[in-house]
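Common to both upcoming complexes is subunit A, partnered first by subunit B, then by subunit C.
What follows is the complex of A and B.
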């Protein structure tokens, strides 16, 4: 059995027999099958070198820098994230993982908003909301493994009778296409208005037909859950007062962040008492001159107008694979693929700790690389 | 899926009975049901029918890909979400602790299994469409990428 690190589902039922990966989705199987493709090599300014001199050069760059940001860390283990935070404290650097869930994660950790585990959802949940997320594509096994389709202790009759699916989105996504019998798809352009409509309907007020139908179903069970994605956070504009009211009367909330260990990142930074920066703002304001990118590819994922500013920075990339960002980096330090070549712990999207089970061994991993940089400083 | 009429139009239409059928129309029906092979129609393999034969072969490609129950899996479209494996009523009945509870299917010879990130048909022998001749479409209904289809709907 292998724990897949493709997304924050962290499926632990994957079997590997030689070159055959069973039960993992395309994202998870791809990690194993393409393990040896496009591996990174230690590079300084594009020239080949060895690990020690790459790390030395990285330390040298960091010593001369005036403002540092550490970006990424979503694919690193909790152990690596904690060392990265130590490094950030020493350098008084900014940290960011690119996720927008920090406010909701903080509220869950402070118990300001009720949350539960995915196992409980499988066993007890009746109405399941997917709000502003297309989990069928971002976390392919989310619905079949944990939420809508499997049968649980109190939900023995399957998805057609014992579950009610509500998908809220701006477009008819793949997840919305699954809303058929005993389900409803609500298309909305204004999430705040819809949240308000739900709150009034739950208090007995007037609302539109679909909302009233959902509210009728909500009253049938005392265990209902909302999975919120980045669409919800953007739609609400980071104002969660009304939404918290809704979650309190619906049941529970679980973030649907596909980034593998982003909940681990939030837990680590809140424990360390530092706040998350916004890497995009740092690039626009030009407050940093050096960035350490750990297991991420901002040049590929950020909008071009912002991503082009990366060229001006001194970049240290720690990544197991060649990426667009590593092509323009000053120093590239190859690392291990978390969960495949190095072990550790990660947090699932519902804050449950999962122990990874690596199938291969690697000489260097994120923990050791970050440790040697920290020692070098 | 091609209709028997589409195939009949391209056959020699001589009712020569060389294939063992009474008419070319009934040969067309049996061709789609995989009860007859194209090679049984001997006049079609003469040079004058070559163009028509190629057209029929092209039409029958879909039929060739289908399993005995008419299930066709397009692996290029599949993302391996496993919805089909978990919703399959036979899997739930035979393997309640595995596929029925959302885990990977634990049967040795299941109907469907996700392998290397895409769904594979392992053994259609268990399928309700095969044994009980029930029109069950649970796997196709829950595949939003349309990777699963049934022959009669193509």
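What follows is the complex of A and C.
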């Protein structure tokens, strides 16, 4: 069995027989089948070089820098994240993974908001909320492997009778289209207002028809769960008080952050006693002159007005594949694909630790590269 | 909606981005491939919006925001909001990132990632 690193589901039931990848979603199968396509090569200022020279150049840049940020790390193992944190401490550098789940992750780890595991959801959950997330696209096996569709210990009669699905979004997403029998889709442009409406209804107050219907279903079970995505976080605007109240009434909350090892990143930085920076703010404020981008591609994820500022920086890109950001980098250091060509551990979206089972072996992975840079300094 | 809206040359809509599983898969494979362009250089409007403004599924449109523009393939789907347009998250949506965008028909070719990269550099 292979552990898929396509998203934070970290599905550990994938079988690989030659070119046949069984049980994986399109993202997971693609990682294996296309692993040799568009691989990065060691580059200095766009010219081919060898690994040692690329790492030496990266060290040289870092020694001359006045402000450094390390960005990405969501596709890196816990081991690599911890070395990146050591490197950040050595350089007094900022770290950011680009995820907005920091506050909710911190609340889960501090037990300020009740959370549970995906296995428990499968076995016991009745009402399942997907709030501000389209998991059908971002975490394709989330519903089929862990939540809505599978039968569990206390949920033997299948999703049409033993589950109740609630999808909340600004649009009718593919996930919302699955809300048919024993399900409801609530369209909202005001998440905070809807959270308040749910809290009011749960306390016996007045609410709209859909909300009252969901509340009636919530009262049928003592195990209900909310999966919240980036849309929810954006909608709440960092005001979590009412939402925590809602989760306490509903049952449990699990982040629906698709980034593969985002929860690992949060746990790693909290354990190390450092705070997550906001890379976009660092670029806007011109706080840094150098960035190490690990397994991420900000040109493919950040607004143009901010991303264009990357051109002014010294950029060191560590990535298994050619990316847009690697095209503007000063140094490119090719790495292994985590879980495919190197092992280690990652945390699933519910903070469950998973040991990766690589099927190939690469000489250089994030751990080795970051270690070499650290030693060079 | 009024029928004369069909003759509007430019349509202003709010922009929402989303993570598309097929697009993510090709992005992880090769961001400089034709498949990447096919899945990323896309703007989706709701069937009601398409009907109102006379957009056809598959036509190429010029999408503009903040004095920048790119030519994208227009798709019609109910996954788009009724009052806006939807783009998969990619270098294209980042390039055009804005609350409001305008869409207008064009005879041009679809913009490539390399053309966008030239603007960054």
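Things to note:
As a working rule, the second predicted complex is superposed on the first by the 377 of 377 C-alpha atoms of A that agree within 3 Å, B and C clash if a C-alpha of one lies under 4 Å from a C-alpha of the other, contacts with A are read in each partner's own complex, and residues count from 1 in each chain.
In the analysis below, contacts are C-beta pairs under 8 Å (C-beta built on N, C-alpha and C of every residue); 3 or more make two chains touch, one makes a residue touch a chain.
Here the structure is a predicted model, which is why all the values come from computation and not from measurement.
When both complexes are overlaid on chain A, the residue A:25 reaches subunit B and subunit C alike.
Contact with subunit C, but none with subunit B, is seen for A:299 once the two complexes are overlaid on the shared chain. In the superposition on chain A, A:158 makes contact with subunit B only, not with subunit C. Using the contact criterion defined above for the overlaid structures, shared-chain residue A:59 touches neither subunit B nor subunit C, since it reaches no partner.
Once the two complexes are overlaid on the shared chain, A:174 sits against subunit B and subunit C alike.
When the two complexes are overlaid on their common chain A, residue A:244 makes contact with neither subunit B nor subunit C. Residue contacts after overlaying the shared chain place A:136 against subunit B and subunit C alike. The contact surfaces that subunit B and subunit C form on subunit A in the two complexes overlap at residues 25-27, 30, 136-137, 140, 174, 177.
Subunit C meets subunit A in the complex at residues 16, 18-22, 24-33, 66, 68, 78-81, 84, 86, 89-91, 94-97, 113, 117, 119-121. Subunit A makes touch with subunit C in their complex at residues 6, 25-27, 30-31, 34, 37-38, 134, 136-138, 140, 170-174, 177, 258, 297, 299-305, 307-308, 310-311, 321-324, 327-328. Those residues of subunit B lying in contact with subunit A across their complex are 78-83, 85-87, 92, 96, 100-105, 113-118, 141-142, 144-145. Interface residues of subunit A facing subunit B in the complex, by the touch rule stated above, are 13-15, 20-30, 33, 122, 136-137, 140-141, 143-146, 149-152, 158-159, 174-175, 177-178, 180.
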